[in-house]
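Note that subunit A is present in both complexes that follow, paired respectively with subunit B and with subunit C.
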Partner chain A sequence: MDRRRIWGFFAAPGMVWLGVFFVVAFYAVVSVGLGNVNTLYQPIPHWNPLDWNVGYLVQAVESVIPGGQNWAVVVRTVLYLGVAIVLSLLIGYPVAYYASRHAGRWRGLVVILLILPFWISYIMRMFAWTNLLAPDGYGSKLLSALSIDTLFSSLGLLDGTDWLGGQGITVILALVYGYVPFFILPLFASLDRIDQRVIEAARDLGAPPPSSFWRVILPMSKPGILAGLVLVALPMAGDYYTQTLMSGSPSTSMFGNVINDYIQGGPDKSLGASMTIILSAVLLVFMLYYLRTLRREQGEVAA
Partner chain B sequence: MSSASLRNPWGKPRFLAGVTWVYIIWSLLPVLLAIRFAFNDGRSRTTLQGWSTRWFFGDSAFSVFGDPTLQDALTHSLLLAGLAMLIATPLGILLAIGLQRWRGRGSGPSNVIALLPLVTPELVFAVGLFLLFTTALATIGLGTTAQVIGHVTFSMSFVVVIVRGRLITVGPDVEEAAADLGAPPLAVIWRILLPLLAPAIAASLLIVFALSIDDFVVSQYLASGADTTTVPMRIYAQARAAPTPALNALATLMLLITLMALGLAYLVFKFFTRGEKGGSAIEQIASIDSGGGR
Partner chain C sequence: MLKAFGKQEGVEVKVTTFDNLDEAFSKLSNAGLEFDVIFTTPDQLSKLVGRKLLQPINLDLIPNLEEHVWASLQSPFYDVGSRYTVPYVVYTTGLGWRNDKISIDPGSLDNGWDALWNANSARGKAQILDDKREALGMALLKEGIPNINTGSQALIDSALKQLQLLDKTVKPKVQISAYETLPAGRIQLAQMWSGDILSGAISYLPKGTPADVLSYWYQTDGGPAFNDCIAVAAASKKPVLAHRFLNYLNDPKIAYENFVGYVGYQPPQKSLDAAKLFDEGILPKSLSNAVVTEEAYAASNGYLTLTAEGEQIWEKAWAKFRAG
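Moving on, here comes the complex of A and B:
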């Protein structure tokens, strides 16, 4: 037998596993979303595409377009994600830049400290803030002592003084806190790969530091920035637990909360599955984009 | 121009250094304080009240080892992580070897499917498994088995990335030499390939363990009741409610276990790759985690 084909047998168990528990599992979402329900509102999946019933998907689509009942949630989700992503970029870029080019003898320590949050459970990191932002917590006291709460109130960003009492700003900042490490590390790797000689060449050719940054370093780090932004946007788009922990109020619900409420809370699992189909369809472009970068990087290593 | 500014035309990047250190403090201080509250002598999780270990062992009703719900969560998390580790690692190793060498029809899509779990939002993935185990695979149903399957499914892709990285580093030369000298194919795999992969295998085991123990979304969707509650689920359920530092103590224990697993992964990786040139092991291991929220 062809030696190259025999390796396919090695891949077989893993591929069968992923076939059932990843591909078929996703197909279950489609089948339930395009299926029906029995008299007890339990979903009856339609596995055969010929039997698909688009009723729930149509209902789900109608609810997320302007005028629909979930339209406000969609707008809010886009707003929260947009602000959180911009903040991640503004915080993450200088940090990744410093760590990759200027940390000097601190570099090893800085890298370890930047990696550490990856490996602390996300839920624990959010939980830490619920300790601090409780009305008598040290975080609330500090923000109050610095008059940040009154500043935010006067700007209309904070309603009252309870940071955990259904504040959009808390959810956004928590998302940034939760996901910015996932932006910094790929960007760090991408900045780290820029050849020092290219920057020296720019300098030797007379570029002052600002223009060598804007015209050499920034364009060269663009793939890293995009990959990092996609990497934080994907989990943020499916996040529901940050909102529940940091606010819990329906006034700050995100799209992930809508799906979670339909699937885990209410009886309308078919509608929840349809919502999941919509979310996946929107995110697919970003997922494939990131997958391409990932595979290109692996290819580079191989070459 | 002084010689210092010639070497570094940007001057001392004080602003960048400031931003970085403020960020690092912001990212870690809340967690350190949460750990500190675990050792509070009083009941508060928001104010410092002396030192004690009563929330770990002392308190007979509310401490981690006194309150059965907290203790069960810890046991269940460790059980899931142990099983996920033992199943995902061998599957992932075989898959990585297969994908790396298999060139035939179907190898392209297989490569995409093997990496897709890394970029799929966990909610989508969890909803899929939840619906699968409540419809077509209702015989398995929700519960511990479903949770283990879920953890194996998302962590296998990480094993694939780690092991493929190692396969690329070691290259085919040693194996080809062994085959040329007459070693039968199975002996090549058993006596050449597996020992060369040892650091990646050790790292995979411990990283799957860490990923599983930190997981929240999949565990929650596939849980069937109180006896399938994990530590992150318990923290999530009680974070805004139950008012004792025992929850902090539980979170602290879990963090300690995760960091010990990763520290061990790092040491084992370093031990096996000693004398090899190449990137720093810790950066390699750390840069793999791109899952988000796990």
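Moving on, here comes the complex of A and C:
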């Protein structure tokens, strides 16, 4: 047996696992979204593509274009995501950079600290914040003592001083807090792989540190940045419980909340499934862009 | 309670929970899941019976119904002759608040629900039920429209406007967790079920917080009140045992223990003396409104099954509100 077949053999169970739990599940969502409902508004999936009914999908698409019922949610989700991603980059890059190149003997500790948040489930960490940021919680008392709440309030970022009172900024910060380790880890790995000699060469050729960063390190870490962004953007785009826990107000509803409301709360499950199809399609476009960029970068490196 | 029943009968009782009644209906409709006993609400009955998911009950096996349950619920309008169900717990939907954090008096207003719409000081610290019927129904009552089962597009549109106005001014959270968030003080004012504020007083008050910081109001004339009910599944393989369970939960001692010891939701039992609960300090006097009397129940309004078109109208309005 050649190597390829041996590894194929070992990979098979994992591939079957992914196939069953992703492809089949996703096909079920598509079949519900492109299905119909019975007289009691219970969804009837159409498994046969020839029977697919695009009515709900059309309705879902109409609701997410300008003027549609969910347009405001789309705009809000894009805004939250955009800010959260930029913040992840600004917060995450220096951490990853420090951990990979300057942590010295603290490196092991820093890496452990980066992984530490994963020891506690995402939802438990969010629950902890709901207590810390409650009006009489330690977190909000501290923020108040430092006048951070009044500062945010005066900048128009906070409505009043209650962090959990339906505040978009709290939702964004919670998303960043929850997902930023996913951004740092691939970036750390990518920065770590940069050959020290390349940087030394840049210095030898007369580049001062800022310009060796801008012209050598940053471009070389682009695949890591992109991988990190994809890893945080995908789950953030469909996230709904961060909003539910940190705000709960319709004025901060995100796309994931709309899907959740349709699917959990009422007879419009088919519409919810159609919204899921739309979200997946949009994310697929970004995913393809990422893969294309990655391939191009690798091509450049090889050349 | 379930364990005690299991011990008494020598069986193991397994519980499957659901987040809302739509989910329950899906679970029950799925082949492969076999239930003996189903807890539901009257507005779901026509669907459940229509789908042949329930079996008619034999009242001879449930003597506690006639002996101990309110006369008015022995043959309720939604199930005349108690052919499919026995009642489980009764509750009203009203406003609960922390009287040490916000000073309101809905009872003194012409329309008590205005207290919520006027509660600007509780902006971000108010909560309404994540339930389209309860939330839009409350908005109808706030508008002075008594028919909380309307299928009228115009009325639901105006109810939606009221909710959107409320969102602008008071910015409530839309969640059903007030039984915990209100006693904890994270929320000051909430639309909630009477059973939730009682269970909040019983189980969720932080140490050192006296129970009388909680207050409750409901619309005594035509406000929403209803009851949960218990039925036997058509697919039950142990129908006699299922009947015995229905009887067990309507036993005065068991029903009382379940009420004050666990769920905070009150059984419609003849023997239950509300005044005594407050005199003995089992429940705080500030929550005397949260106990449902048979007379109050009779003067109330229930959320009933909507027509298919009505359901769509409510659903669309609700989705619009939830999307913000």
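Quick note on the criterion: the second predicted complex is superposed on the first by the 264 of 303 C-alpha atoms of A that agree within 3 Å, B and C clash if a C-alpha of one lies under 4 Å from a C-alpha of the other, contacts with A are read in each partner's own complex, and residues count from 1 in each chain.
What we mean here is this: a contact is a pair of C-beta atoms (placed from the backbone, for glycine too) under 8 Å apart; a residue touches a chain by one contact, two chains touch by 3 or more.
A quick note: this is a predicted structure, and the numbers were derived from the prediction, not measured.
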item	value
Which of subunit B and subunit C A:L187 touches, first, second, both or neither	neither
First (subunit B), second (subunit C), both or neither touched by A:D136	both
Which superposed partner A:P13 touches (first subunit B, second subunit C, both, neither)	first
First (subunit B), second (subunit C), both or neither touched by A:G160	second
Partner chain in contact with A:I120 - subunit B first, subunit C second, else both or neither	first
First, second, both or neither for A:I169, with subunit B first and subunit C second	neither
Contacts of A:R295 with subunit B and subunit C, given as first, second, both or neither	first
Which superposed partner A:I278 touches (first subunit B, second subunit C, both, neither)	neither
First, second, both or neither for A:I85, with subunit B first and subunit C second	neither
Subunit C versus subunit B, contacts on subunit A by residue	B
On subunit A, the residue positions that both subunit B and subunit C contact, one per complex	130, 134, 136, 164, 244, 248, 264
Parts of subunit C lying in touch with subunit A, wherever the complex brings them together	19-20, 22-23, 25-26, 29, 47, 51, 123-125, 127, 130, 132, 167, 171-175, 184-186, 308, 311-312, 315, 318-324
Subunit B-facing residues of subunit A, complex	2, 4-5, 7-15, 17-19, 21-26, 28-29, 31-32, 43, 45, 47, 91, 94-95, 97-99, 102-103, 110-132, 134, 136-139, 164, 177-182, 185-186, 189, 203, 209, 231-232, 234-241, 244-245, 248, 256, 259-260, 263-264, 269, 272-273, 276, 279-280, 283, 287, 290-291, 294-295, 298, 301-302
Residues of subunit A that touch subunit C when the two form their complex	39-42, 69-70, 72-73, 76, 130, 134-136, 159-160, 162, 164-167, 244, 247-253, 257-258, 261-262, 264-268
Footprint of subunit A on subunit B - complex, ascending	9-10, 13, 15-17, 19-20, 23-24, 26-28, 30-31, 33-34, 37, 45-47, 91-92, 94-95, 97-104, 106-107, 110-125, 127-132, 134-136, 149-150, 152-153, 156, 160-161, 164-165, 168, 210, 213-214, 216-217, 220-221, 231-232, 235-236, 239-240, 247-248, 251, 254-255, 258-259, 262, 282-283, 286-287, 289-294
